[in-house]
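Chain IDs A, B, C, D, E and F follow the sequence of writing; residue 1 opens each chain.
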């Protein structure tokens, strides 16, 4: 080999265009949101860094890239979102929901945004698989969104995961105006009776098993997600496997979260996210982000409306604010509702009800994700 | 079928299934809490919604505890970290009694483990 | 696609028969034993949950099942039992054995149940590979049983692992009557001299290395198991790699245990465990469980008999009770023997001797497992 | 060969090898403990099985310590968790002296690490 | 099958020759260095144990060996050194360097040993890929050496990793005589102004991102290494992902280190390291170890010479001792320089400058490794 | 090209690139520390190398602190464990002030997490 050839081999690296540079800025912006604004930092920081790597030749699609190894090991196999869910399950206490089962309905109402957005996306010309993946941002639950998107439209993983996690962080900014708009001051002041049924240890242990069985039979596509979430919860409630419960809440979720974020970020190559030399600017990215925001808003609206409906039916015994927690976004949405009720009336404590509705939303999101997978896959 | 009518069918069936599943779960939860009661009679009776004077005092104590919980929760929100929900705080006053036995057990394990 | 087709695609999920329902109950029963009775909960709980998942379409044999991903990653490669052994090794102190080397013989005597049961199973018509896998329950050591069964008869993994771990928990129930039956009160009261040789740090560090070399040369099939166990022990005794020793005793063993249990449970499909539409009821499962129990009993008997033999030979200087610890079931069997000696005579402390025999049993079980693999594989 | 005679051969050879391996290990262990002695003269002499008065007192102290260990071990058995054997207890009185140097070292690491 | 055949199947295991026995001793010697001398025990102990396993039939090249599974999972994919680097990055504080950017030059000067040794190895007849792999021992940085060697000459992994880690431990023995020889007492007594620029949090967070981008563009082959190191550092400096930072510094690095060491050791088979029946004694192993030591010495010399040059240029404001920290070997080299300055003058505190130069050496080593990969791969 | 002249080219280009990369990084670091200053005025002014009396006192305090750090670092060297550099010690006196805010923040997290 002669010198000029050698030099061109060394320096003729992968092309770096303005689109790549812009993607670096986008990755940097995600890291900024994570570090300075603390928007879901444990996910947005790895996603941002992964995005930077993806546009420096280390994308999930590049041969011989270590990000590809991680992507294949954890995203293609769907293990990472499931491992995260094992940890999340080990951190959730379903007792507030078990003590007030009727709150479960709110967890269903808060999922309408998924389907509403799917409708709109289909109307805008997205094919069904993409429309469904965009809709699932309305689950407002990262692992569910990633799990469903991996199966239906993996090329959209980047924008969908970013939307899912960013909007989750934006709960305290997006929800309050809608809540104030849709509820009267009087409704927000409704106090809720505080008479939960006692929840025995047997119930707490049996619950995750029963949910796994029932949901797996009704919606087999949701089975892995619900099984992982409930496995974590079983480890927590069993009380005899403290080692495993702690491993789920620490080692397992931390490692899975870090690599999940990196691998998702590594799908955000310039050509998929911003500009494809073949097909031009990827407007779909902006549309995904926009439609995802809409899904969030619609979720909140239908949740609140259903809350108002329950207030009506029960003769004013339900504070409609807790309808907004049915969207999932656990546990921020639950805290926010309780806080808004307190703002109207410093003696109005609805935190337990809000957390019940919020955990119902978590269940509802997973179920909706599974149902969506099944019905859309059946249609295609 | 046009894509839009497909989407409408998906929406109808999807929301229907989601509601059906959660209604079923609500029923099962209701059943389970009734079936598996703690053998030790719970000090908080479950059916009275009209508080007795004694009950009411407990209610206020609990309310106060929850107020503290909410205050703490708010503080936390500044650095919202949803992956580590501060469950012990959310659990709050109300379940404190119920779970004492279990937690004692866990505590022992931690000391030993 | 028309509507009826679509609906049948969605709802025509995997068949769910009475056999699957029964398996869910069996999974639930395992979880019950784990939670309420605390029988080896760190393993029986994940096995039980894995069993439930296996019969809801998420078995280790189902295509696209995440349990299959875990099964292939950790059971087929045999990594999980080895990782567990690294952790177990880091938790075992071989000093009581090193200080009294003659106790090692008891660790050999306590393995006869393995071969006795193999004989009986062969007589009952099981092919050699299955008979050997059933016999290895008599190792009374989970990872060894799983390692050997994975190589010889992976379709029996479920019942064999369940038997191995359940019987391990049943030590305090199964062993005492046999111990009382086979030993006289006088024998149980034998006090043992307490004059151990001092064990230097050099010995403690050299021991795991020497054992690895010797056993790998004698029984190459046992090499991975003994190497993993001894690696853990070396990390512990080295005293300079505290980080790694702690990682072995925590992160590594916890994560491996959780997924080992799940993956084993995920092999317990209705057709393998209970009822195969092709071949009818799987009576072999019951026979495995029954023969496994027998292996346990035979182990205990031969261990005790050898203990009596040692008492005879030494002129009454060995308490035959410690023969029962040679079966492995570390460390319950050791504790139990010491306790039974105390019950006869509150001043009779044989805990150190019992733990020595018990760690010898742990070594013996691994060696026996390796020998079994070699001789059976050579025969087939 | 019939399957049963195969099984008999397997049993004979298997148990033979297991005994052979453990006898070999016993010999090596015996050799190693003799070869690698702690340089610091151990206060407990290894060859006397007839305790001197002084020795006996130590013996009793050790016995008492073991009694405590057994009592603790029994308690533990209630929630038998074989995966985390409480080694420090099993190690007990006897090795306490021997391992002090090593443990001090480890302790320092923990404080630093 | 008849009896004699059966027995020969069982006992006719893998051949065990004098070369294997010698390798066991070498493995034992590495463990001795780790335990008794505490030379990088977290790596040399697993390497030593892996070496023993490799020569008992469990090498990284043996079919069906569990060490092969680990090797393929973590070395062939290059994940293990990268995971170690994520942890190392989370433990490094780049502030001393950021506060005194000119020290970065020392991190370049300390890499000459890599190329000088490559030259010599090429002159001695090693092919380019082997010569480069030998040279990279001069990075005095384990993960870099392993990463580069895996790509260029994986058959030399064993001796190169052993050399890299042993020599890293020998810093306090190898460097001082060279430092005394090359510097005058007066030079060693030079006090350095202590006026670092303040380093804001923004700088500390932006630094790892900027370095990743710049180095990935200049030397794409170094990208994965630098990205892993900087990811770890970003997790540390972000201050909002404490969970992930701790996971990187504990679980991730501990597990990766253990298996990295084992897998490296498992490549040290007798035929690759000592004696190949086909090609005779493997003198190259000794040459690798010797040339590696030379690389270390040359690094130290050029580092010191550049330190003297900086002292000259700045008119005696730089203490040449800190030139010796540019070799990497973080953080021992930094501590040693500071200590030697103190020995000459008990009031001469140059620790901050030394640590700055030492972190520059860490960066320089990674960059040099990447550059080496690129230029050598381009030449072949 | 002979292998040796190849090696020479590799050396020349390699060392050139390494120096180029680190010079570039040095420039960027210099730029970054200038650009992103802490908003709170740092008590230690960055441009004066001639210490004022007050400054000098701080300098001595810092020097003392570093002496302790070095002493500790030396001790550590006995069991050199490069994988766990005792950063808190290395960071030493000088950055203590600067990082207080950040560490407080981290500390809070630990307490909560």
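Methods note: a contact is a pair of C-beta atoms (placed from the backbone, for glycine too) under 8 Å apart; a residue touches a chain by one contact, two chains touch by 3 or more.
Remember, predicted model here, so these are calculated numbers, not experimental data.
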- Steps in the shortest chain-to-chain touch route ending at chain E and beginning at chain A: 1
- Task: Return the chain whose centre of C-alpha atoms lies at maximal distance from the corresponding centre of chain B.
- Result: E
- Task: Specify, for the interface formed by the sequence copies chain C and chain E, whether it is same or different in terms of residue numbers shared by both sides, with half as the dividing line.
- Result: different
- Query: So, what's the distance in Å between the C-alpha centres of chain F and chain D?
  - Reply: 49
- Note on the structure: For the pair chain B and chain E, the C-alpha centroid-to-centroid distance in angstrom is 52
- Chain centre separation in whole Å, for chain D relative to chain C (CA means): 21
- Touching at least 2 other chains, the residues of chain A are 1, 6, 10, 38, 41-42, 239-240, 243, 251, 257, 375, 379
- Hey, what residues on chain B touch two or more of the other chains? 9, 13, 76, 79, 81, 83-84, 109, 113
- Contact footprint of chain E on chain C as seen in their complex: 77-79, 82, 205, 209, 212-213, 216-217, 220, 223-224, 227, 231, 234-235, 238-241, 243-244, 246-248, 251-252, 374-375, 377-379
- For chain C, which residues are in contact with chain A within the complex? 1, 6-7, 9-10, 13-14, 16, 24, 28, 31, 34-35, 38, 41-42, 45-46, 49, 52-53, 56-58, 65-66, 69-70, 250-251, 254-255, 257-258, 262
- Message: Which residues of chain B touch chain A once you look at their complex with the stated criterion?
- Response: 3-4, 6-11, 13-15, 17-30, 32-38, 42, 44, 46, 48-49, 59, 62-63, 66-67, 69-70, 73-74, 76-85, 87, 90-92, 94-95, 98, 101-102, 105-106, 109-110, 113
- Message: Under the stated contact criterion, what part of chain E meets chain F in this complex?
- Response: 38, 40-42, 87-88, 91-93, 95-99, 101-102, 104-105, 107-108, 111-112, 114-116, 118-119, 122-123, 127-128, 131-132, 168-169, 171-172, 193-203, 206-207, 210-211, 214-215, 218-219, 239, 242-243, 253, 257, 329-332, 334-336, 338-339, 342, 347, 349, 351-352, 355, 360, 363-364, 367-368, 371-372, 375-376, 379
